[in-house]
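Common to both upcoming complexes is subunit A, partnered first by subunit B, then by subunit C.
Take a look at the complex of A and B:
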């Protein structure tokens, strides 16, 4: 059972109200300091034990390696391109079996896609678009570590401008590494008008928990983008994961927000954003923007993009 | 029981309806579309319980089909050709999940060039996936095979998905009289599905489709898949006998036609086997001891049954309606391998024809028997022989001429 009974779906106010019971136990093959796993750990506390995680190929495929699973709930690894279709198959089958009396409502589960940004932003987009279109009653948790992390940090369409990956090298001809900006997945999802879209950060656990609690009351597609600092790919010390989680929000690079039936609200609004350089400077993937000489043009562009975003928000 | 005139596609849909399937994920593709159109209408009219859902691609469709089967539902889906290949990785995945999905493939030649009519390169591309493959000749056999496919797939000692194949156009759009059994009788043969190994339930959490690390673990599961396939040879025959007891129609791993004293034998599969049988009959009328073996179950491959049917004959031609460029006919290789260890091996000839639905004419079939007589007497014959008639060459030359390419053929 989830620690959050339906009578308790009111928003929490502090950390102490987060359920103590874990749904994802320690002892996985996931890298130390994985920001995505921390976000999923918090989400799973709200989802509870009666959950099936429908997984797309990526880092988290290594959560369940035969015969082990750290999950109290169920798991189904599908493929890279259509975990959302897998979720549809599971949800439909559960509904039909319940309708036919072959399964009791008590045996029902939350159906949750767990996928990285490579699957989510790239090859899985068609099947997710279709699932949202069909108003599938499911959850989608994207741990966005901004690269194809599990294969050794190659560029995905979630990789931000200026980040170095193993397929967007920094050379004299390409000083920024990644030349394009991230796809705006939040807006792509929101354009489908699902009941709920949100961004979450493990460093803002109360905000994260409240978003999952709110989504629990809504039927239909409930979609989450989790900021997932990745020490292995972003090249920083694993103990700094939550610092980067926090800096991403405090610099305004990662906006914490939600869209309920399409209406957007920013849920964490720092009074004044810190300069983006504070977030970028310590990460190895951005080192070329600072050394051997500062790439003023690129740094200014990143700052401008963030400023422009927040100007539009305040209008 | 009612007797109806049904197309091959309608017979496949009736099979799913009589199996009382829970779930039908769908995506349209010619020549399969009629199957899902019919099922969609029956679900909408509540003639069929369960749920019909259309997907964004065959890859998604097959993922949903496998996932629903892994949840514990009885699932049916259908596709053709490019669709089968678009969802291809899921065939291997679903077989590895050991879930009892039944998939009807309506054979159609593969791109490129893009085309519409039947050959078996699509379904044979899936021969190593772990799916059982049943290839059908008649509309009745399509319906019956869908029912037998579920019975096999859901057997505790099998737990394998099954492809039932029928030919696009030649069978999918051909109406034949079909006995449609009463649902109560079908229930005797095929009780409702009670999953005991693959399911998703809140009170019994389970991890499915988990990764394995290391070849020793991977090999274990792949060998299990192979052993279940080999065991299916026995189970298919037992269940076919039970089916015959209830419905009076008999199906084997292979079908023997005029084989008792046959000296010259065609090996064929699917709808064109009917033309092969007619040719055998004509040759019999002329005193030639002709016969035909129809490959029905392609996976597991019934090597022993095939060797037993063919050993001791004078000569055998394997007619492949498929082409593996660089070697020739696919089933020829498999039949030859089945015969390798047999005593008294016949002379073997490989023939390729019927690609993209191209006809195999009566004179062509008869000319194959002439090749067989030559091969039996030790003369060399071209193998693989690529069937192409003079009239077809004239038609092709005309197209080439219009395209301004004359002289290049």
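Take a look at the complex of A and C:
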């Protein structure tokens, strides 16, 4: 039972209202300081024990490996392209069992896809699009570590411009590393008109918690993109995970927002954004933009894109 | 071997698991007794083992001779200030044991790290670390490269052979619930966060942000770290607004 069930769905106001009970226990093979796990752990506290996670292959597949599971609830492993199809199967089965009286409404569970960006932005986009189209009553949690992390940090369509990965190396011909910009997943999902789309960051645990609480009141596809700093892939020391969560929001690179039935609200609006360089500079994946000499063009481009985004927001 | 590097004078034309290593490097002594890692599996009677030990730890390990022990972690931290240069220290020790002279080792470190490190200074401190290791290891005898065809002296490892199973058996269902804390990831720790309660203002931040759920709050809302599972990422110590966590080198996880 989640601690949030008694105070049913009231937004929390401060950190100390976050549930003390854990839903994802320690002892897994996930890297120390994993930003994605930090966000998922907070989300799971709201989702509670009556949850089945439907996982697409990725780092978090290592959460539940025989004979161990960190979960009080359930877990279903699917493949990279079809976690949402898996969620459809589970949801349909639950509905049929409830209709036949073999499960009581009380025994119903949240069906929650947990998938990385490679699966979410690339391989599984089609099955997710279909699930949203069918108005499937499910949750989707994408921990966005901006690469195919589990297989050695290859570029995905969520890898930002200027980041180095093992398949977007820095070479004399390509000084930026990744040359393309990140797909705008929030807008891709929003264009499907699901009841809820949100971005979340462990930077603001109360905002994260409240978005999950709000989504509990909505039936249909509920989608979350979690900023997921990754010490292993982004090349920084694990203790700095929160620093990069903080800087991503404070520089405006990661916008915290939600769309309820399509209407977008920014839930955290910093008065003044810090320069993007503060976010980029310490991460090994961006080091080539600073050393051996500064790539002024690339740095200016990243700043411009962020500025343009927030100008559009303030209009 | 879970992770390995092949080194040979001639072209390496094979891939896949390494069955009989000529040299075993154990970067973390706590893995020696871990059945899941079994770093000593497949060694021969006389295969040298390079073992990174914690000089201050009282742990007794039974690793058969020939074994070369040193606290490479302490050497790395002393030379470069960074734990990650443990790789440099171990690479230098392994080169020394393989019979490479120091110049070649330096060239290798230069080629490998030049693109990775932020500054020439960092590279220099890594080269100095390699030199420290070569000095320490000056009287070590180099590895005698065994003839791969001869497997008569391979030490049988006490392992269960899993073989190839159909997916339903190879990836069985888990019927237990929340049993992962039985796996003690505490031995991942290089550093230990230790709470100094009188500095703690009970703000909950470390509890909220520990990715592992390794911190619980007691009845007075003081955080308690579960050292059986804490991975030592030090996020808690880094984020604590009052610096209530002292950070100590891990001695006995």
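A few points about this structure:
Heads up, the rule we're going with is that the second predicted complex is superposed on the first by the 313 of 315 C-alpha atoms of A that agree within 3 Å, B and C clash if a C-alpha of one lies under 4 Å from a C-alpha of the other, contacts with A are read in each partner's own complex, and residues count from 1 in each chain.
In this section, a residue touches a chain if its C-beta (ideal position, glycine included) is under 8 Å from a C-beta of that chain, and two chains touch if they have at least 3 such contacts.
Note that the structure is predicted; figures quoted are calculated from it, not measured.
Of the two partner chains, subunit C is the only one touched by A:22; subunit B is not.
By the touch criterion stated above, A:200 is placed in contact with neither subunit B nor subunit C. In the superposed pair of complexes, A:247 makes contact with neither subunit B nor subunit C. In the superposition on chain A, contact of A:59 is made with neither subunit B nor subunit C. In the superposed model, A:112 makes contact with neither subunit B nor subunit C. Applying the stated contact rule after C-alpha superposition, one finds that A:79 touches subunit B and leaves subunit C untouched. Contact with both subunit B and subunit C is seen for A:69 once the two complexes are overlaid on the shared chain. In the superposition on chain A, A:34 contacts subunit C only, with no contact to subunit B. When the two complexes are superposed on chain A, the residues of subunit A that touch both subunit B and subunit C are 64, 66-67, 69, 71-72, 75, 77.
The touching residues of subunit C, when paired with subunit A in their complex, are 116, 118-119, 171-174, 176-185, 188, 203-205, 207-214, 216-217, 226, 229-235, 237-239.
The residues of subunit A lying in touch with subunit C in their complex are 15-16, 18, 20, 22, 24-30, 32-35, 37-38, 41-42, 64, 66-72, 75, 77, 202, 205, 231, 238-243, 284, 287, 291.
By the touch rule above, subunit A contacts subunit B in their complex via residues 49-50, 52, 54-55, 61-62, 64-67, 69, 71-79, 81-90, 92-97, 99-100, 102-103, 106-109, 126-127, 129-130, 134. Contact residues of subunit B toward subunit A in the complex are 22-23, 25, 49-51, 53, 55-57, 59-61, 63-73, 75, 89-90, 93, 200-203, 205-213, 217.
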